[in-house]
Each structure stands twice: as C-alpha cells, then as structure tokens.
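For reference, the structure is listed below as structure tokens.
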Amino acid sequence: MTSATDSSAIGLPVPTERLLELYRMMLDARLFEEKAHKLFFEGLVKGTSHLALGQEAVAAGFAAAMRPDDLTFCTYRGHTHTLLRGADMAALMAELLGRATGCCGGKGGSMHLTDVAVGAMGSYAIVGAHLPIATGAAWAAQARGSGQVVVVFFGDGATNIGAFHEALNFAAVWKLPVVFVCENNLYMEYTPIGSVTAVPNPAADRAATYGLDGIIIDGNDVEAVYAAAVEALAHARSGDGPLLIEAKTYRHGGHSRADPGTYRPDEEVKAWLDRDPIPAFRSRLEAEGVESATLAEIEAASSAAVDAATEDARNAPFPDPATLETQVWADGGSRWRT
Amino acid sequence: MTSATDSSAIGLPVPTERLLELYRMMLDARLFEEKAHKLFFEGLVKGTSHLALGQEAVAAGFAAAMRPDDLTFCTYRGHTHTLLRGADMAALMAELLGRATGCCGGKGGSMHLTDVAVGAMGSYAIVGAHLPIATGAAWAAQARGSGQVVVVFFGDGATNIGAFHEALNFAAVWKLPVVFVCENNLYMEYTPIGSVTAVPNPAADRAATYGLDGIIIDGNDVEAVYAAAVEALAHARSGDGPLLIEAKTYRHGGHSRADPGTYRPDEEVKAWLDRDPIPAFRSRLEAEGVESATLAEIEAASSAAVDAATEDARNAPFPDPATLETQVWADGGSRWRT
Amino acid sequence: MADLTYRQAVGRGIAQEMARDPRVYFIGEDIAAAGGVFKTTEGLHERFGPDRVRDTPISEEAITGAVMGAAMNGLRPIAEIMFSDFFATCWDIVANQIAKARYMTDGQITLPLVIRSANGGGARFGAQHSQAMENWAMAVPGLKVVAPSNPRDVIGLLAASVRADDPVIFLEQKSLYASKQDVPEGEIVDELGKATLAREGSDVTVVALAAMVPRAVEAAEILAGRGVDVEVIDLRSLVPLDMTTVLRSVAKTSRLVTVEENPRLCGWGAEVTSIVTEEAFYDLDAPTLRITTPHIPLPSADTLEDLAMPSSATIVTQIQRVANG
Amino acid sequence: MADLTYRQAVGRGIAQEMARDPRVYFIGEDIAAAGGVFKTTEGLHERFGPDRVRDTPISEEAITGAVMGAAMNGLRPIAEIMFSDFFATCWDIVANQIAKARYMTDGQITLPLVIRSANGGGARFGAQHSQAMENWAMAVPGLKVVAPSNPRDVIGLLAASVRADDPVIFLEQKSLYASKQDVPEGEIVDELGKATLAREGSDVTVVALAAMVPRAVEAAEILAGRGVDVEVIDLRSLVPLDMTTVLRSVAKTSRLVTVEENPRLCGWGAEVTSIVTEEAFYDLDAPTLRITTPHIPLPSADTLEDLAMPSSATIVTQIQRVANG
C-alpha cells in the first residue's frame, strides 16, 4: 500500500483560489442533490435517484484536477460527477424531472446523466460495465496521442463483478491512461461489502493482481483527493499506465429513492456524519484564514444557482412525443426497415 | 508463494502401487489422445479436438487423489480429465467419432465429454464459464454436507476472463470446497499468455486478491501434482475453503485440430519435450526399483485398451436420427409447445 | 381468501416451496437480510435461515453459475437476478451453459433450477433497468420461460417452476408488483404451458402476457361497449407455449392480435403470429396485428415511457383496425 | 477479377477500410500475430502494424468495451469475437451499453464500430461453438445486423459497416468461409438494408440469409426442374431490414417461405412473416412457411448436425408443400 499524496510533487500548498473552487464544487453538488432529494419526495423526480451526499469530495477533487479534454465515466450515482465536470445544472435538473431541456432530452434520467461536451461521458447503471468502456476511451487516447486521461468512478460492490477484472488487466497490459477510482462507501445496496468480499479493501487489495500499487486515500478529505488526483493524472498522462485508487467514504443517506438506510449501525452513521467532508473543509479554510464572508458568498451563490436551475427545470416543457423515436441511429431516427 | 507439497502431510513416500497407477493413468491418457490425433487426420474425429499431450501429469495426479464422489469440471481440453476419472474409454472414443455409443450419444463431441456417473461433470468450451458452475457444485456439497470436493481445471488464458474473478471471490467468501487448478501451458490459442497478462503467474499471482495463498506446482511431475492434490483435497474437505493452484506445464502439440504450433520458439518446445512427464516418471520408477517387465506390462495393457476402444468406436453405429430431438428437457423430449 | 399483492405473492410462492422441499435454496443480491430491493422476499431469511436464503456479491455469473452447479449436485435452487436487464451480464451461463447442458450430455445432467427476475418497464428507470427481455429467453433452446400476470398465478407458476426438472426463467413484471388480488389460502400449484382465457369473446383473439394482460382486458371491456367482443388469452408461459388454446380461439374469432411489452423485432408475438399463419391460415379473415413497444430502448421520462409501452388506449385503437378489417 | 474465398474476403475488406481511414483499428483474440483462428485476418498485423492490429487477452467484455469506449473517443474500431456464441459473455456491453448509448444520451454519443464474428453451424463444433445468433442481435434495438452470403458481399457490406456511424454486428457464416467467388479488384462498398435477388422467380418467394442463401438457390434450381419457379431473396442485413424487396416479391408470387439457420423460436423469419401477414395479408394465396433449425442446441456429431440444419433437400420438400398449397 502506498499513498499517492506526495505534496511536493503537486506543488502544495494548493493555492487558495483552487481551495475555494473545491469548496464551491462540493457545495454545488451537495445543494443540487439535496434539492433533487426534495423533488423526489414531491414526486417530481420520477423513478429513482441515487445520491452521493457525503461523497462529494471524491468527485470534486478529481474534477478539479482534470484537464477539460479528459474524460469522466461514472455510475447511476453520478449527478455529482457530471455536474462537477461542468455540465449545466439546469439541464441536469431538467433531466431528473424528465423534461425536454434535460441533458439527455429526458431519455436518460437520473441514472444516465451525460454531457459529452464537458467530458462527462455517461452514467452507467449496470454495475461495472463502464470500466471496460472507459478503458476503451483510454485506448483511443493512447492511439491518437491525444494526451487525454480517462477517470472512471465506481463503487466497492463493482469490484466483485467480472468486468472489473477484465478492464483492469486490459488497461494494465496495454498501459492505458486511465485512473480507476473506487468509491468505497462500505455498502452495495443494503448489503455491507465486507460480507461478500474476500479481502478487506476491495479495490486496493486487488491492485497487485494487475501489477499495480494499492492506493488508499481518504475520500472525505477533498485536499487529499485533489492531491492524489493531480498525481494520478500526471502518472497516467505520462504514459505510465493505469492506476487503481480506493477512496474511503460514506453515503449519508440510503442507497436510492426513499431508502432510509436503516440497515446501518447508528454509531457508524454518526461517526461518518461527523466526518462530513464539507463542514470539515469549511473549518479548515477558516483556520487557514479565509474570510467568513468569502465562504458565505460561495454558499449563497451555490444556493442561488441550485434554485435557479430548479426553477428552470420545473418550468421546462415535457419532451415532444415525437422524440420518443429519435436518436436510436446516427441519422437521428429509429427506422429499422427500408 | 507457498508450496502445497509437504511430504509428511500426505504420508509420503507414496506406495509403489499408487505410483504404478499414476503411470498407467498417464499412459492411458497419452495413448488415447495420440490415437485421437491420428483419427482426426483420418477424418474420423470431426470438427475439432484439443489435446493435452504433455499435460497428463496434472490430470493424473488429481484424479488419483480424488474420492469417487468428488466432482471434476474441465475444459474443451478435457479428454484426459474425463478418462482418468474413470469414464469408459470406448464411450469417449465413440463420442469423438460422433457415434451412438458415445458418452453423450454424439451430441457433445470432443469439447464436451461428460460422464456424470464417474464424477466427470462436463467439459466446457466457453473459456472460464465452468468456474462459477464448479463453485455452485461445491456450494451444494457444503449445503448437503456431502463431504465432496470439486476440482476445476482451466487454462492460463481463463484467468483474464470475468468469470474467473467472480467464481474465485464467491468461493472464497462462502468458503466452498473447491480446488481451482490452472494448467499454465504458456499459451492461449496461439498467443503467449505473458503478452496479455499483467502478472507473470496468471493464477498464483492473483490468489491474494481472494485471500488465498498463491500455489505453484510443477505440472510435469506427477508425484508433485499428486502430493499437492492430496493436500488440497484434504484442505478443501476439512472446510477450510477453496484453493488456487497453478500447475506449470506445456502442451506438446498445437492448440487444436491441425495446428502445428509453429508460433512457439524451437528451444522452448525442445526444453519442454525434454521434460515430458511420462518418460521422466518412467525413469524415476525404474530408479526406484520397479521392474522393466512391470512397466512394459502396463504399457502393453494401455495400448491394448486404446486399440480395443478404437475398434469399438470405429464399429459403432451413427446416432439414430430420432435422437436429434431428444434430451432438451427432463422428459426426454424437445417439445416447446402444448 | 386474502388480498395479496403480486409482490407478496412472490415471497409466499418461494416460502411454499422452501417449506415443502429442503433442497430448495435461494440466493441473490440483497435478497436475504434486506428482503429484496422490491421487497418481494421479506421474511424468508428469518424463516429459513442464513444457509438457505443467502446474499451474494454483485457477481451475476457467479450467481447463475452457482445455481447451475448446485442443481447438478443435489439442490433445487432459486436465484434472483435483480433486474432482468442484468441477464445480459450472465447470458453465457444462462444461454450457453444452463440451456445446453442437458442436450450436450444427452440427458446426463438435469437442472431443476429457477432464475427469477424483475422484468419490464413502467418504473421510469431508463433503458438499462426497464427492458422486457422475455423474447431473449424464448429464443434460446433449453430454457423454459414463465411470466405471470396476477398474484395467484405468481404462486402457482412459481411452484410449477420450482418443481419442474428443467431450468426456468421466471419473469416478474415490475409494473405489476403493486397489483392486488384475492388469493385463496393454502398450497397453489399450476402447470406450465397452460394459457388461460382472461376474457372470453368471439370477435377477435388477443394474445397477451404479464403486464399486457390487464391492459388487454381493459381494452376489451372498452371495446365491448363498442360492439367488439374480444377474447383475451393470458399465455402465462412462453416455453412451453400453449398454441392449442391460441389456435382454438382463432378458429372461433378468425382474427389474431398479439400484445407484447418487448420491443418490436423478433418478439413472441411474431412467433405466435407465424405459427397461426402457417397452421391456421385459412381460419384468418383479416391481417394479423402485433402491438409492441417500438423498436427503441426505453426512455426514462414518464411521459415518454408511457407513450412507448402499449396502453389500453392504443390497444383499443389498434384492435379496432383489425376488427373492422 | 480474382477467385476469392469468403475467408479471404474478410481480410481484404478489413484491409480496404484500414488503408482508407487511419481511424480504423482492429482488435481481438489471436487476430494479429496468428492471423485469426479462421485465418481470416492474415497479413493485417504485418501490413498495418502492431498498434492498429492487436491481440487481446481472453476478455470479451474488455474487448467490446474497448471498441465502445474507443468509438466514443475518435476511433472507428473493429473487434473480433472469435465465435458468435461468445457474444453471450459480453452481451451486457453489446446489448445494454453499445446498443443503448446513443438513445439514452439523446444522440450525444455516436458509436461507429463493428463487431465481427464467426457465426453458425456445420463445423461439428457442438452447441457452444455453432449457434446462429442473428436473432439475438436483431431483437436488440440499437444494433445493426449484417450477414453476407458470398465473398463479394463480405467486402461490400464490411465496408458499409465500417463506414456506418452506428454499431454493427457483422456475422460471418462459418460454413461459408471456404466458399469461393470471382470478385472484381478494387474498392467495393455496398449499402446496408438492400436485399438482393439471388434468383428471380414467380411462384414462391423464399427469403434467406447467409449460408441459407446458397442452399435456397440450390433448392430453387431443383424445383425449377419440377416446374416451380422460386424467387430467392438474400436479405444481407437484418437491421436495416429490406421489407420493400420482400413485399414486392410476395406481391408477385403470393407465397412466402423463410429459411433460417437459427433455432425455431423468435427468429427473423417470424419477424418477416409477421410483417407480411400484417401488411400484405391479401397478397397471400397460401399459408406462410418457416424453415429453421429445430428448437434445439446443435449436436456435435456430423450426421446429427447435418440433419438439424436446413439442407437444400429439406428446403425442396418443404417448399413443395406451399407451392402446391
């Protein structure tokens, strides 16, 4: 087990501006998802939604370290990852509400947020499936010499599915520029990962199988994540092949929808709520001398942005029924016969 | 890496009778497959056949150590494994020739030899697929308290497919009585395993991922295999969970059919032919005082058995056309409508 | 009699069989301690214990492989694949191994196993959690395929599936989980391959499955008011396929309509239609008609998803075309 | 003109496209250094180098995932799945990811990729290396499905597939690899969704695909001697499906027969038949007929396998039933 955090390598201390950016990102994500949760209970977000409340530091730390042309692949728990790559908040909210202005025109929904224009290459709802796909995107980056790095996020539960194994080996053998980030939040849906996994650290303890170092980071410490991300991206970009990083974190709520998450021991929940990445980071910023007013300004701006996006989405039209049968094929249509 | 060979644990030295049995088994397998090869070129074995010439020590060592009610799962390269569990040689040969008296009535063919009555639970032709299935059989053994152990054989190439990973983790977490045996013969079809695998020992170097020890054995030394098998079976039978064993070996010929295997360096082929498990073991037996006449008797008997089986198979009838549509369902038929 | 939901019927059906036969084991993701993500299996873990009802890792190949291997070695296991879309992640085990093992070994291997799954759309889950894949399973020789349309049948057909000595893909329609019915107490056991008449009629034969059955019946009631007397057949299983009932009905009505939830191409409706036009061509007085979801992945937005799946309203409109044809 | 085998045509088709477009890459198991297990890709590795033609581990999910991801990021990749049976091991990537990505993202993702594979029976390989699975692919919205019947079409349709901006499942029929044809030199490019008349005729329309085309033509020649003039349509692609050609032919012949290699249930023949009986019911003068492999896994023994697959002899016998019907 080695740590990816080597402060000298990334020019720490991180400039304040960047720290404030990280704070804003986490706040945007948090407030966006809290609103989504509310809208779910209002019956406006249909179907399901999987929140990453509590896990924002992972998404923020990586997104902040990525180049605009780098690519992100994430899961059904992907609101935050997509938003923080720069997707339009109103378009994401509208997608959750099944509206025409949604980033996927209402066809994707909460589990499939995508904004290719900002490098958010999709949210994948079959556990583990996006690991081989992300690997393929990294292969194209290598082949084209584009200098892009691909970052793919997945849960602890995904480490037990075959696609994980195939992707890791493939990426390692071809030395592809892809960073595999496991967000270990201790649970799959309702079942603890420890009860169905042969090793204690489901990702890091498996890295050696692919000739990689097992890297564990504190996923609730946004600076640590950012530092690890900067280093990992540099490593991958320089042609040194993939990395596998396990970020320890926790989801504050249940798995999805209305799940209250009561299968989790109270003490465990409490301990992790105490380690909420946002207030912790806020205190650190204050301790480092950032003015309260500056923070309050960021908070107000985030809140206003979420409100505006929500308003936008609420007022957006439902999809034109004609779009039901568009975009199956590249010609824009769905005709299967001639 | 630990070695499974602890001579004291298995009551070594192995009695001469058992050693002769191992010799007979290897010879049976060798002569059976040499004949199959000949019959392929005569156009009598149709389709394809994958020979394990050179790999006989693995199959023999394990089969000799197994209890009659233990279960074997193997691959398309499974003639030897099926034969050495005790399947009728003539029925196997007839199956290769697509005859009615074949062990599968001609429906299986070379890649699917099966004889459930002797615990040879099938030859599986999709790489890796039988690992989860063998795991399931071990689950039933555990659930029923039957005391059976399942042994599943697979190639080096199978270690890169998802099913490998899923089965190993599953078996480890449930502590199932299954021994995973990787026969590393250095090649997949024509591609060297080293060129597509992130670690040098494709099975053993991955054992830690499942909380298991990485065990490497000399797959060309039948005594070493036998010793490892005895120990592994005892381990699994005692409830200590699965084991993953990598046996280093080599196939003398090509991958299948008429493949001459020319993609392999001459020196490599030569070095491994020099380590042919059968003559090496024969010399050892002689050195240990076994009479030449005893060995010659075994050889003659094997040869006669193969000839008889071949004769039988050659003269066997082709399947009754009516059998084409039998045994899709448990009622013996294939009707899908009422 | 007790009012039972389709969801509860699943649990009752499994319990009925586990209580009867100690060889029945049940595994899947989140099915034990948590009682299943659709709450279909609540209480089974407590009642039958952690050995017989057990949570697995997210490893669909291991899960389906496990029930196959276990069925070869003395158990009669049930697996849950949480959403039927995930069959794709273990399709090799299902379609290449489970389906073919008996034939390839000329009957040496018997696989008394059931793989249950939540199938179909209507829950706004998007294209990877909504598809109706009954036609995937039907296309593979060696699999039996069952899809009940009501709580009573869930129990009876699940029992028949568990007792069958063949592998059964048992599809529970997601959109029906909340539906209710008065179901008698006591053991319920059906037979596979027996369609039922969900409604008798004389003008048009409508063949439906699972969630499409109540919609077809609703459409039939509306059409009755318009002078069209529709017979609705609930197929209940696709393999075995009860063509006797279908052909008998078409002989009476001379008109055939199928209503499928699965996408357009190569569905069971095409199969049923083709059998009828081959075997009962001269019984038909009008073109056959298939009502399906269009050949698209399912969208997530509620308005679009409702538009995609056959509704009773579209069924009414479509049937009228044939009835007048 | 040069005499070219179907096998060689595959290599020539890939080479034609790789030479034309530097974004075309090709990966698969044993396809590079070894030239493919069916020797279809010999010489490509040498000609286009180890970066563009590359061997993979035995990891079908990684292979198909790789071409999907690469197509999202600037390449136009080709993958080989060695035997089409192995699609089952990566069906999630193919059917849930590749097929649905464009729709789910409302057109943000374009996937110009081809997955080639050796499909079908006749090689005595047994049930896990012989199945014809064109109907699996056809049933999934979002996949184009191509299956050429002769060397020339292999090149033309492969070129069309590589140039298409949609994902294409390209099925090479194993039993045709050794077949030969005079093929013109130079670039050959076809269009997807254009069926051809393999033989013109006026009495019966026979629709066939891939290996069933030469068999249907052979049957037609025999039937010609018996006074039955058969029109044989080579579909060439299942998606897009050229129903214009089929309907035009049926309008002329009033009789429809389909010949499929895939097993009985839910094949493309059922789809084509159902479309005809819905749209051209009044054109038909006789029951439709589907000739397929029975609904069984394929056996290995040569005598049994030959019996299972539609032969020209069985096609003759069956067609006579309809022609006289």
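Every chain is named by a letter (A, B, C and D) in the order it is written, and numbering of its residues begins at 1.
Here is the rule we use: contacts are C-beta pairs under 8 Å (C-beta built on N, C-alpha and C of every residue); 3 or more make two chains touch, one makes a residue touch a chain.
Remember, it's a predicted structure, so these values are computed and weren't measured experimentally.
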Query: Which chain has its C-alpha centroid at the greatest distance from the C-alpha centroid of subunit D?
result: A
Message: Count the C-beta contact pairs for B-D and for A-D, then tell me which is higher.
response: A-D
- prompt: Between subunit A and subunit C, what's the gap in Å when you average each chain's C-alpha atoms?
  reply: 36
Task: Averaged over CA atoms, how far is the centre of subunit B from the centre of subunit C? Could you give it in whole Å?
output: 40
- line: Two or more other chains are touched by the subunit B residues 104, 106-108, 112, 124, 126, 129, 160-163, 166, 169, 173, 195-197, 323, 328, 334, 336
Field: Contacts with 2+ other chains: residues of subunit D
entry: 56-57, 59-61, 85-86, 88-89, 92, 96, 103-104, 126-128, 141-142, 239, 264-265, 295-297, 299-300
Message: Which residues of subunit B touch subunit A once you look at their complex with the stated criterion?
response: 160-166, 168-169, 172-173, 195-199, 205-206, 208-212
Message: If we count contacts the way the header does, which residues on subunit A are in touch with subunit C in the complex?
response: 46-48, 98-99, 102, 104, 106-112, 124-129, 157-158, 160-163, 188-191, 195-197, 263, 318-319, 321, 323-325, 328, 334, 336
Task: Would you mind writing out the residues of subunit C in touch with subunit D in their complex?
output: 85-86, 88-89, 91-92, 94-96, 99-100, 103-104, 126-128, 135-136, 138-142, 239, 262-271, 273-274, 277-279, 281-282, 284, 286-290, 295-297, 299-300
Field: Touch list for subunit B against partner subunit C, complex
entry: 71, 104-108, 112, 114-117, 121-122, 124, 126, 129-141, 143-144, 146, 148, 150, 162-163, 166-167, 169-170, 173, 323, 326-332, 334-338
Parts of subunit D lying in touch with subunit A, wherever the complex brings them together: 25, 51-52, 56-57, 59-62, 64-75, 77, 92-93, 96-97, 101-110, 112, 141-142, 164-166, 193-194, 239-244, 275
